[in-house]
Structures are given as structure tokens and as C-alpha cells.
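As C-alpha cells, here come the structures.
Next come two complexes built around chain A: one with chain B, the other with chain C.
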Partner chain A sequence: MGDSQYSFSLTTFSPSGKLVQIEHALTAVGSGQTSLGIKAANGVVIATEKKLPSILVDESSVQKMQTLTPNIGVVYSGMGPDFRVLVRKSRKQAEQYHRLYKEPIPVTQLVRETAAVMQEFTQSGGVRPFGVSLLVAGFDDKGPQLYQVDPSGSYFSWKASAMGKNVSNAKTFLEKRYTDDMELDDAVHTAILTLKEGFEGQISSKNIEIGIIGADKKFRVLSPAEIDDYLAEVE
Partner chain B sequence: MSIFEYNGSALVAMVGKNCFAIGSDRRLGVQLQTIATDFQRISKIHDKLFIGLSGLGTDAQTLYQRLVFRHKLYQLREERDMKPETFASLVSAILYEKRFGPYFCQPVIAGLGDEDKPFICTMDSIGAKELAKDFVVAGTASESLYGACESMFRPDMEPEELFETLSQALLSSVDRDCLSGWGGHVYLVTPTEVKERILKGRMD
Partner chain C sequence: MSRGSGGGYDRHITIFSPEGRLFQVEYAFKAVKASGITSIGVRGKDSVCVVTQKKVPDKLLDQRSVTHLFPITKYLGLLATGMTADARTLVQQARNEAAEFRFRYGYEMPVDVLSKWIADKSQIYTQHAYMRPLGVVAMVLGIDDEYGPRLYKCDPAGHYFGHKATSAGLKEQEAINFLEKKMKNDPLLTYEETVQTAISALQSVLQEDFKATEIEVGVVRKENPIFRVLTTEEIDENLTAISERD
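Up next is the complex of A and B:
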């Protein structure tokens, strides 16, 4: 593969016009745990698998879904530590915006600034790209929004999307099931069914995480009890 | 002699029924000498947001340029105009950045916010915001302006009445201040239009 000669330096293009490190970063994302998001008419739901390496791990201490601002939440596929760095930076940017304008940051602005950070790491010396793709769910004056941000720094707005191990099956499933006038509760059911599709083992409230944001504009991660209720409805 | 009194200025903004008016004097002086009688103290940020800057003339001009710069970038990024409350927070932050070497200006901000609700505020030269429901004043004639506004203001005035009230308050106050005057410049803003009028006062 002629490209491999050019994969040592991040800042060098390969002859085929690719930045090979970014391709590798996307591979790292693709082997991460599945996560997905669905934009409903009155809110957004994001969900992820939470497979822990051993039964000895205290699963209540692990939280993959994070709040960036009271009305914006985020989940990832890929490398957990890289995700934590991005969450920290995004939260700081959101607070800086608020300090300047005394207004909550619009979802598009936060996504754009986070994507700019990720892009910086594809064009600076001595650093590597982030090994995560983010799904950002938010509700502001423009309504519910769902964005995906890739290691390259490109971002897309989605009606429904998936990332990680089971991405192609999950996306096909979502394409079939998605409707524009879905309510938030329906979207949660669809999210659970989509996760179930590619799930290895028995799905339960202990090995998935679901976050929702509705018209109240407050992002929250569902408790295991609430997830159990939704799982019971889906059965 | 205070640096705030070097050029002389008078600014006032008043809230009416679904409208606001903002007015200033037109004198630019260098202490006792008048050098211009058409100095622009009030500037438009967008159709429903105006800012008047009293105090040192050079700082007023530079600060205005910086604010227009910030607002234009905001418009490009966010694809919308800034709300008056947001703009006031921005001005406050920009002024406080220069806390230990400030702009010698006192802004008066007036705009129509969400659902065309009138918004006015003023702040000191380092960004301490002062919101008001009725009127705000600034400049060398501020003490006279406070008195005139307090006695002449009534809530929920119609646009034409508001204009009359503000003009009378402005002209009578600058007559008691030697550093401001030489006419008046009033903007009357309603949700549908902006009326700009020059007032003829005592030219001294």
C-alpha cells in the first residue's frame, strides 16, 4: 500500500490526497462501542452500549454520557480518555460564551467550536487526532438538534445516526424506522430496538446508557429504573 | 478637570409603549472651545439596537468601531442579530477587559428585544450595568437630565409623545450645561420604523 509510507507524519498528505492518521482515527472509532442518536419532533435521544471489561467493575461509576450545558448532552464512540478531554474543552467554551453574552450557547456554535478543536489536532505538530466521534444532542431556540462530529473536525446534522461497531446495521435499521413526526418516547423505543439489533448478550439497564432532552430544554441521563421501564415496554 | 468632561456630552434614552427614543446633544468641544456642532454620539448597531456613547470623543468612536466589529462577526456566525440584553452584556465585558486602563465612555444602550419589548440600560466606564424601566441618562449634563426626566416622564407614552418628552428633557437640560448643547439628535424607534430628527436648540 503506497499510503503506508506517508502514515508516519500526521501533517503530511498521502499521494491519494488523504491524511492517513485521520483514516486510522476513524478506524479506532469504528471499533468502539455502538452509540446512536435520534431527533424526534419534540426532543432528541442519544444512547450507547456500556459494555464493561469485567463484572467486577462498579458500573454505576462509569458514565459515558456527559452534559456540556444544561441543554446540550454528548455521547461518543471510540477512546474514552480522548472523549473526556473534549468534554472538558467544550464545557469551558460554553461557559466562556455565557460569560461574554450572558446567554446559553446555541447548539450549532458549540458544535462548531468543538469541531474546530478537533481540527486543530489534525494540523498541529506533535499531536495526534482525537480517537472519538461525538454525537451532540441539544435543544435551543432553533428546536431539537443532533450533530455528529468526526476526528477530522467535520460535523453533520442528522435526523438519526449511529457510530461504532455496528454502524451499518444500525443505520439501515434507523433508516427503515425513522419518521419525521416521531415523538420523544417513540424515539427512545426505536433507539433501544436499534441497540438491541447488534447487541451481544442480554440487554439490560446496566449495560446501556440513554440520555434525552425534551421541550423543557434540560438534558438528562435516564436512571437504570427508567431504562428498565422502557425496556419492559419494548419487550 | 475630569477626563469625562473634556469633550462634553449629553445622552438620554426613554421607554415608551412598544417603542423607545434615544437622544444626544451635538457639541464636540475641547474644554471651553467648541470645535464641532454635528458630532455623532448615537450609532446604530442594527435596525432595532442603538448605542450612544458619552464621555471622551475618541474613546466613543473607537469603542463604537470595536462593537460594530464584534456584532458583524456575531451576525455572520450566528446568522441573527444580537438581542439588546446580549449586546449590553457584551459591552459590559469589553469595558471590564480594560479595568485598569479604561475607555472613558459611558454607554447608553437602547433596543427592541424579543417580541419588540423596549430595553434600555446604561453602564459606567468599567461595565457596571444599570437596567431601567423608564429612562437612562449619561454625560456632563446627566444631573440636569435626571431631574428633567424624572419630572417629565410618564410610562407607556405613544411614539410621538415620547419624542416630545425626550426632546424637551434633553434641550432644557443641556441649557444648564455649558459643555453640551448646540442642538439635539433624536432617534425614535418603533417595531416598524426608525425616525431620525435633528432638534434646534440654543446654539451656545
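Up next is the complex of A and C:
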């Protein structure tokens, strides 16, 4: 990967043993728009702010939440262009798995392979780490799952997590509100309330995106009308 | 041999700075402004229009060879604001990609697919040290079979969005402010209104009245989805219409 002139890693250890490029990548994530995910008893919800740089931008042309397979969805905080690269690679890996085993890829496997890609970019020659953290929401035979993957390539399974600008407030809020036996609908309400906590300006169906996956194992992004309904219920 | 792990190299190649920024990408944006021209794009109800300044720095230059407006296919146009050499590379690759797409899949490459391809290529330059980002902001326009008139803007960072109206170049922010006011209530502009909004926005922001030879205008219309550069006469008609209107 990369030209021969750059066949040395740009991410190298500092004297104190840190990989500073990864730390800087995490800073880039921390200045991105807030996103969060909550695992309920019967599904997973992921949500994100969708603040566009101008009212002239056609918001119907922008979708931050992406489907990796019919039963796995993903959202990010950080650099949009880097996210597109990861989505493309993950989709391909899921498809290759399916071609080989004639089965949909389990969530853990897809997360592991995506994380491996992110780790490669912290060690290969001539490249920088990805400036995104991912929240992967899926539902397979093992039930509903929520994973967070960081620029370093490390990943953990979460009951609820947040990333981006408002991460500490959001996580505190989630810690208070989370219960193990939450239903998917309650989780959506909690997600909206959490986003609202740090939201600058008026929250509406045009400046947030919500994706859910329920027992039907189909990930889908909610339409603005559905988000409006949930917002009304929360008021 | 250069080592890049902070230590000053975050300004030379696209690695992260301590604040999590990519300086090379930010400098690429500055290079776009340094070209000294401003461009504007407006999407109407059934047409898209892009306008840019045509500055010919030397009277001895052949004016016809000075252009920032390029047809990519018969139906897709690209307005490149910024470094002309980088623009020509981008246009060449885009033309190749669009032609291969048509051959491979049997239908014309849609506007958003081309924009995504350009943006994904730009992202690679922000992540791999061996190539610098291009100092070009590309506005892609065309009529989509399903969605109608489309205007996309792709920048050196790898972002791409669909726009109702947008601007790039030296007076980008002033132009966007002007356009936000004009497009606030989502007006459905006719073809003439689209062209005249774009030209008058440029005139207002640069605070000068143009001659027809000082600007380039490109359009696509639903009734005639071929990308066309307006002739000097047509530009003149629109300029006259604008000055009579005011």
C-alpha cells in the first residue's frame, strides 16, 4: 500500500510509548458531530446529529447512517470521507463471507474485519489512521448487538455508548437512564433525549438521523415523518 | 529520508495534527481561494446553471483555451475552481471513469455517482502520504433520470453534497450568504430565473458588472439534458435582462 518512497509507517511510537497519530485521530473524532447507540432487549437503535454546513445543502442527498448488510447498520462520528471508505470495505467483506459460506455474516465477524482494516492503517506504510469511530448495530442469531470501533482498531461491545462532541454528557445521561430490560421504543425515546441534551439549536427530523433494527432483523433508517412522531411523543 | 510522526511533518503530508486536523487538506482549500476566481452554481426547478469568472491574465493568450468549464460526458458538466493543472487531471480521470461506466453498465453515469467517485478519490489523497490533495473544488451538474436537476460540490477533503445553490473560490462565503437569502423559501426557479440568479449573485458579490466575455456559463435543462456552455450572445441577453430588471 502506498508508494515505495513511503514504505515506512507514519504512525510510530513516541518515547513515552504512545502512538500519537492515533491519539490525534481520536481528537478528530471528538470534534465530530455527536452520535450514540443503545441496545434494547429486543433490538438496537443508533442515532446521530445531522448538521449541514448551509441551508443550501440538499439534506435529502446526505445520509450519514449506512446499511452494511440487511441486518447490520452503522453510524460514525468524525470525518465523513474516511467513513465512506470503511463502509465500502465492510460491505465487500460481508459479501465475500456470504459468497463463501452462503450465510449472512455474523455481527462480531464483520466488526472484527472492519477493525482489522482500521488497525492496518495505523501500521502500514504511507497512510494515516482513519479519523472516525464507528457504532455498528446488528441483530443476528446471538441477538441484538452494539459495537464501537475506534481509529486504533480496538472494538468493544456496548449496552449503550456515545461519541463525538458531547460524549461525556451523553454517556453520563445514558448511564443514568439505561436499564437492561428496555424495549426498542423506549430506547429510541432515550436516544432522542440524549441527543437533545447537548443539541445546539432546535432539534427536528431534519437535523438528526435515527436507525433501528428489531426482531425482524432488518436495519432501517427512520423517515423524517417517523422521527417527527417520536419527537412529538418525547415532548 | 523524512519521518512523519508530528515533529513538524503534520504540515507537509496528510497526517493528523495534535488537534486532530489535517493541515495539508486545509492548505488545499486555501489554494482554491488563491486562484482568485469565484464560481456559483444554482439549481432550479428543471435546470442547473453554473457561472464562473473568466480572467485572461495576458492579452496575448488565446481566450478560447482559458476555461474552467468542462463537459465530462454529453450530459454531465464539471466546473473546476482552483488550480488549473489539478483541474485538468481531475477532468481527464473523470471523463475516463464516466466513459468506462457507460461501457460497463450500459447506461449513463448519474451525477451523484460521478461526484461520489471524485470525492472518494480525493479522500485517498487525504489518507495516503504519496499524493497531495488536489487544489480543486469541483461542481458537477446534470439531469438525473429519477431525481431531476442535480448539482453536487466535491472538495479536497473528500466531502460531497447535493446543493440547491452553492459557491466556491475567493468570495465563497459572501456568495453563500447571498444565495442563502435568495433560496430561503425554496423557490422553484425557471430556467431564465436560474441563470439570472447565478449571474446576478456573482455580480453582487464581486461588486462589478460583467461583460459577456468576462464570465463563463454552463447549463443543463430537463427539456434538453445535454451539458452546454452558453455563447457570448446568450450571456449578453441574460446580462441585459438582469440590468433591465434592476
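The working rule: the second predicted complex is superposed on the first by the 225 of 235 C-alpha atoms of A that agree within 3 Å, B and C clash if a C-alpha of one lies under 4 Å from a C-alpha of the other, contacts with A are read in each partner's own complex, and residues count from 1 in each chain.
Quick note on the criterion: contacts are C-beta pairs under 8 Å (C-beta built on N, C-alpha and C of every residue); 3 or more make two chains touch, one makes a residue touch a chain.
On a predicted model such as this, the values are computed, not experimentally measured, just so you know.
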Once chain A of both complexes is superposed, is A:F121 in touch with chain B (first), chain C (second), both, or neither? second
Greater residue coverage of chain A in the superposed arrangement, chain B or chain C: C
Output check: A:E235 vs chain B and chain C. Expected answer is one of first, second, both, neither. What do you get? neither
For A:T27, decide between first (touching chain B), second (touching chain C), both and neither. second
May I ask you to decide whether A:E103 touches chain B, chain C, both, or neither, giving the answer as first, second, both or neither? first
In the overlaid three-chain picture, which partner chain does A:R84 touch, first (chain B) or second (chain C), both, or neither? second
So, does A:L10 touch the first partner chain B, the second partner chain C, both, or neither? second
Kindly classify A:D180 by the partners it touches after superposition: chain B alone (first), chain C alone (second), both, or neither? neither
Same chain A residues contacting chain B and chain C, which ones? none
If we count contacts the way the header does, which residues on chain A are in touch with chain B in the complex? 99-103, 106, 108-109, 112
Counting only contacts in the complex, chain C reaches chain A at residues 1, 3-6, 10, 13-22, 43, 112, 116, 119-120, 122-124, 126-130, 152, 157-159, 161-166, 176, 179-180, 183-184
Can you name the residues of chain B that touch chain A in the complex? 77-78, 83, 85-86, 89-90, 93
Note which residues of chain A are touching chain C in the complex, please. 1-3, 5-6, 8, 10-12, 14, 20-21, 24-31, 52-58, 60-62, 79-82, 84-85, 88, 121, 126-131
